[in-house]
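In this document, chain identifiers A, B, C and D correspond to the written order of the chains, with residue numbering beginning at 1 in each.
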Amino acid sequence: MPVLEGRELRIIGFLCNWCSYGGADTAGVARFDQPTDLRIIRVPCSGRIDPLFVAKAFMNGADGVLVSGCHPRDCHYAEGNFYARRRLEVFKNFISVLGIEPERFEYTWVSASEGQRWQEVVTKFTNQVHTLGPLAPVPEISLDRLAATETAQP
Amino acid sequence: MLEQLKDTIKKALPELDFVIGWGMGFDALHATPLFMYEPEDVDKLVWGPLNVHNLATYLPALKGRKVGIVVKGCDSRSVAELLQENLINREDVVIFGAPCRGTVSLTKIRKVIGNTGLIEDVNYADGTLTVKAEGASHEMALKDIRADKCGYCRFPNAVLSDHFVGEKRAPQVEEDTFEDLAEFESQPFEERRDFWMKEMDRCIRCYACRNACPLCVCRDHCVAQSRDPHWLSQQDGVRDKFMFQIIHATHLAGRCTTCGECERACPVDIPVLLFKRKFTKAIKDTFDYDAGLDPEATPPLLAFKANEDNIKEKEW
Amino acid sequence: MAKYLKKDDLGSWLKELGETYKVIAPVEEGDAVVFRRLTDERTLRIDRQATQGPKGVLFPACEELVSFKYVKDPENPEKTKVEVKETVEAEPTLIFGARPCDARGFDVFDGAFTKCAVKDNYYMARREQAIVVSLACTKTETTCFCNWVGGSPDGTGGSDVLLTPVTGGYLVEAVTDKGEALMGGKLLSDADDARQAEAKKLLQEAKDSLREAPDFDCMPEQLYALFDNMDFWEKQSAKCISCGACTYLCPTCHCFNITDEQQGKEGSRIRSWDNCMSHMFTNEASGHNPRPTKAYRLKNRVGHKFCYFPDMHDGHIACVGCGRCIKSCPVALDIREVVTAAKECRLPEEETSDD
Amino acid sequence: MKIGVFVCHCGSNIEGTVDTKTVAEASLDFPEVTFATDTMYACSEPGQDGIIEAIEEHKLDGVVVASCTPRMHEPTFRKTLERAGLNPYMFEMANIREHVSWIGKDREANTNKAADLVRIAVEKLRRNQPLTPKEFDINRRVLVIGGGVAGIQAALDCAEAGLEVVMVERESTIGGKMAKLDKTFPTVDCSSCILGPRMVEIAQHPNITLYAYSEVESVSGYVGNFEVQVKKKATYVDWAKCTGCGECVEKCPSRKAPDPFNELLAPGRAINIPFPQAIPKKAYIQAEHCIKLTKDKCGNCAKVCPSDAINFEAKDEIITEEVGGIIAATGYDLFDWTVYEEYGGGRYPDVVTSLQYERMLSASGPTGGHVKRPSDGKEPKKVVFIQCVGSRDKSVGRPYCSGFCCMYTAKQAILTKDHIPDSESYVFYMDIRAPGKLYDEFTRRAMEEYGAQYIRGRVGMVYPDGEGQLVVRGADTLMGTQVEVKADLVVLAVGAEAAKNSPQLAEKLRISYDAYGFFMEGHPKLKPVETNTAGVYLAGACQGAKDIPASVGQGSAAAAKVIGLFSKEKLKSDPQTALVDIKRCIGCGKCAETCPFGAINMTEFRGQPKAEVLETVCQGCGLCAATCPQGAVQLKHFTDNQILAEVEALCRF
């Protein structure tokens, strides 16, 4: 089912299994209310996150992407988030040249115990994306073809 | 200087399978890579602002063979980068360097003379390029028609070489200020996006940008054309073309020397170097790192610091 | 009977034709000139050869062959049907501003797709509804060599109408019956002799400006003979970077790939341009590649154009001499040099001689 | 593939805010889903049986369960699949409880989101491959970090079970906090009398190697095969020669060194043996207070040592130990009570901490078991105890209850009466927490039999009255009045916090810790001694403040976990490891360069360099997969195609 028209935006989260996914669980266990937009994709480690997954999400029509991993030094795999931090930071810098507001993408650290922090991150990020509004999707077809289909279905 | 370069190459040639340099191409405006196997091939060597190609592109496929290569400053940085990534062996490559004054942008020349298909003669002297086409003669100052990358070049001389011919030149600029990028990013986000939509729409997916890139070393195994992983579909829509450029730029982050081959090779003139410029700036700002200067360095994205100097994480 | 169209009326004429046809013409886009649907916002550019020819109009870089959809039986979800819908898209289309070389490219396509045992419905449908209005060349570029491969600056192969620029306008000539249908436009007047003479003169000058054509009759034989001479091909291909610019810009290259792109239960089978200069082109599932290096691949490209295709199609060379592969090649690899070198290459003595 | 989707109600936990029936119906429309249903409790026995039946009846070859977090029940359902004859890895979960039903009440949005999460689980599952774990050998040795009572218990249990144990203790003696105590509640038996013999056992057990005055420097490897570097800090005394006679301590002229064992109540010597029952009973020199080591003078200890054990040239030493399991039992430290300036701790000598008081009460302490005021050595007649110093106080960042302070304060009040029969004790408390066996009875005895006066309320201020006494001013919330008590001695019941450097150790062990530095258990209820890192277990107060019986219990529990782990012939590795497609690999080595585990080797295949994954070493983080530009390394079950399919599923529909 699509996101709820007019109420939700497409926000994708990539969360490491050990800290942030657990943090989101902790927030759930504590019944911390959160906006419903975010859909979480579980990965073992923030180091698994190729920034290109984020790019792919934006190309395919995501309005916001959130990456969350273990706090630096706390990586379950010792170093994954250190690499992730560099790659994601540089990538966050990069997307503005594409015409994507850097605020549509955030990476952060939430530990398994930080349910409250998770609630705060999700809430604030969701609001941040809503402030920017939807991101126009990149057409899957050529512009001429797009123009043709648009005139065909006014 | 050219003669001196030829002599140096001729001396080294017996030890080498061949030396890669530039010769004249199909007309007086277009140079072409020249593979010099015999001394008489060396006589065809040219040097000047028409030597637009980065010949380092050929090196990874020649790994294990003893070859020579003539480099401009920017080309030498690609060689350094390939060495850093163990894609070539230092002892197999003999590098011939010479000072570079910058190379032309054929697109810019076309904008001046209208059609670059009608060239009769070309002369270069003292910073001025004279092109005769359709009976008319056009004089152009090199600085007006040189590739953008030459405007912010800090390394006109080879950063590493076995033989350096000629006198080293002082760099044009001390610092790259990324004005091109700032200008582009002075547009609102939506306009930037619209700009790329139109540009990407024209892409013919020939992958010349990739194949001309000296650091696109996956080449035959590029994710752009594989089903596993299946990053891109074969659709020729804007989305997949745009995504490819993002992949290319991202894979080059921290490695790209902004040699500009991607943009130069593009047959439909899409300014794809801008993507890499953005990454280059981010890498410079965040890690104070320039790719292709030190074959021994660890590139920033393959390393980390427990406490990063210039990364400010978001506070919620 | 040749007609005359005033330069100032060109826009109106195309607009008029636009009521019947989808008009595709070379327009400016960024720093390139490409064939696009002509609209008011776009600038027609016919003063230089288009960066990319019009082949994509009849043979799109990517087209959907069929769309498919998996449908579950609501009573029994284990049962799934596949609904397949063929997508043949064609509408009356006018290609304006093709050069004679570009138009001749369609002849090669016709040979491969319509005048053979297995016909390509998709191409054929578009070809039948297309009308090609070409523009003769009164100037030639350093990369032009149409005369080497049987073409000419005023060649009519593949065209339905041929325009020749003359002072103040264009000489308009119908080449085919299809083209004849365009001759009745109000904006066209009968061309007088002076204009016809001027056109003839300009075209002769253009022809004279081309380099002398070598004789390529011997090429098929010569290329077969060079088939195993990998040393030759390695040297010829040394500077090639294995991109697809030459093939994608080539008016005759017609190789394609077919892939299924599926999302969820729906998808489409698409045909997209493929490129014999790519390693992937002949890569087999096992990992084996019969054309493992660029030397093999360049040999194939040249071989196909100057040997295998002519062999199968009455000697018709699958190259129209437009020169795009030369001028847009990132390393300025010149196919004329390769073919000339192949022609002139002294073949090694047969090892198994009788005596 | 034939996929079955089971949408769990979890009673009303999910069903309350998610329409599970609608989710199941929506799921049926997803690709390759041939069966979908909602179920009351998927994890219950009938729930699991239902899954097994459906697998058989509908010939399913993959299962998605939409229920709680996979961190909880993924192993449960994998076993269910296995019982049904499927490969356990042909399974995915959609977390529609913690991530959906529990975080919002909008039923429409929740239902919609739940269906989306099922969709991505289905798309991922469609791209799963059956996986089989690899087996590898176990090094049946265990490392116990910390020699307090929890560590001692864990070490002895393991050693008794026949395992080789390596114990690392930061101080020069084991015993931890318990060794400092005089008596223990609620039995008031002598702490060193019950702990002492166990400490001796550690020293004498043939299966235990003890590194005292040592710290864990680094940990590498993985469950079954850890490599641990232990730093033996320089003691400047050759312990092989030292007999613990104490001659050197007697003759040491440096008399202003701190004595941490006695909680800094009295100065110690630069060379020291913490207490008579120390294990090992060996002297060590605090270098920064040694005249010889700082000024190159003196050297008395070396002169008097009968066994020639002093070595001023000693250096820190790194020892490498290989173990298969690790128990962290690093205990706790006291909260910095000086933060409470209003209590005057650290400013007024007669305001002491509970642990300092414990040393005063102890016969082996600096006062020989006589309670004396630090200021003038007089016996106090009125003692005021202030509870919750650094516990249950948000304003100092310690909102949690330390759990044992109520009990030891009661104990200290009783002991005060025992030591000074004519004394009076006052206890300021917030609530009395005594929920243990005989605990409440014990606090009542303090009040009823020993006359301790309990005042419910917080103390606002402690200040000297200028006549040698301290005025303790506080509230009595039961009476609703202000009270002032004049005290000879004030004892602060200081709460527990994580031992210092706990976060650093956690990082070395790759385990999580909470906001206060306490180590995170695998599950707050069901995995109290496990961590999320396989092979690393927790015992005692390092996981959270606890008293002696609880610490001992956890020590035994952690030991049981290790013994259980080692009882297996071989360990099975998680098969969700990285895999190299050698056709795509160009041998650039970037994956090997970044792998945190050294799990990627560069090898040659037909003359070409290629990467190769050591499956049992690979921990499945996927860093290599994100590093490889051509996608030649893929992490099984988290492949690019799987993640891309998940992204696609979320974006397209």
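One rule holds in what follows: a contact is a pair of C-beta atoms (placed from the backbone, for glycine too) under 8 Å apart; a residue touches a chain by one contact, two chains touch by 3 or more.
What you are looking at is a predicted structure, and each value in this text was computed from that prediction instead of being measured.
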| item | value |
| --- | --- |
| Central subunit by CA centre of mass proxy | A |
| Between B-C and B-D, the pair with more C-beta contacts | B-C |
| Between chain B and chain D, centroid-to-centroid distance (C-alpha), Å | 54 |
| Chain centre separation in whole Å, for chain C relative to chain B (CA means) | 30 |
| CA centroid of chain C to CA centroid of chain D, Å | 72 |
| Cα-centroid distance, chain A relative to chain C, in whole angstrom | 44 |
| Residue list for chain B, restricted to those that touch at least two other chains | 198, 231, 235-237, 302 |
| Chain C residues counted as touching two or more neighbouring chains | none |
| Interface hub residues of chain D, defined as touching at least two other chains | 583, 594, 627, 640, 644, 648, 652-653 |
| Chain D residues touching chain A - in the complex, by the definition given at the top | 26, 69-71, 95, 97-100, 102-106, 108-110, 112-113, 115-117, 119-120, 503, 506-507, 510, 512-515, 520, 532-533, 576, 594, 596-597, 619-623, 625-627, 635, 638, 640, 643-644, 646-648, 650-653 |
| Partner chain D, residues of chain B touching it in the complex | 85-87, 217-218, 221-223, 226, 228-231, 251, 302 |
| Contact footprint of chain B on chain D as seen in their complex | 581, 583-584, 586, 588-590, 593-594, 627, 629-632, 634, 639-641, 644 |
| In the complex, chain B residues that touch chain C | 25-27, 30-35, 37, 53, 57-58, 107, 110-111, 114-119, 134, 198-199, 202, 204-208, 210-212, 219-220, 225, 227, 233-237, 261, 264-265, 267-271 |
| Contact set on chain B toward chain A in their complex | 181, 184-185, 189-198, 201, 231, 235-240, 242-243, 246-247, 249-250, 253-254, 274-275, 277-279, 281-283, 285-287, 300-306, 308, 311, 313-314, 316 |
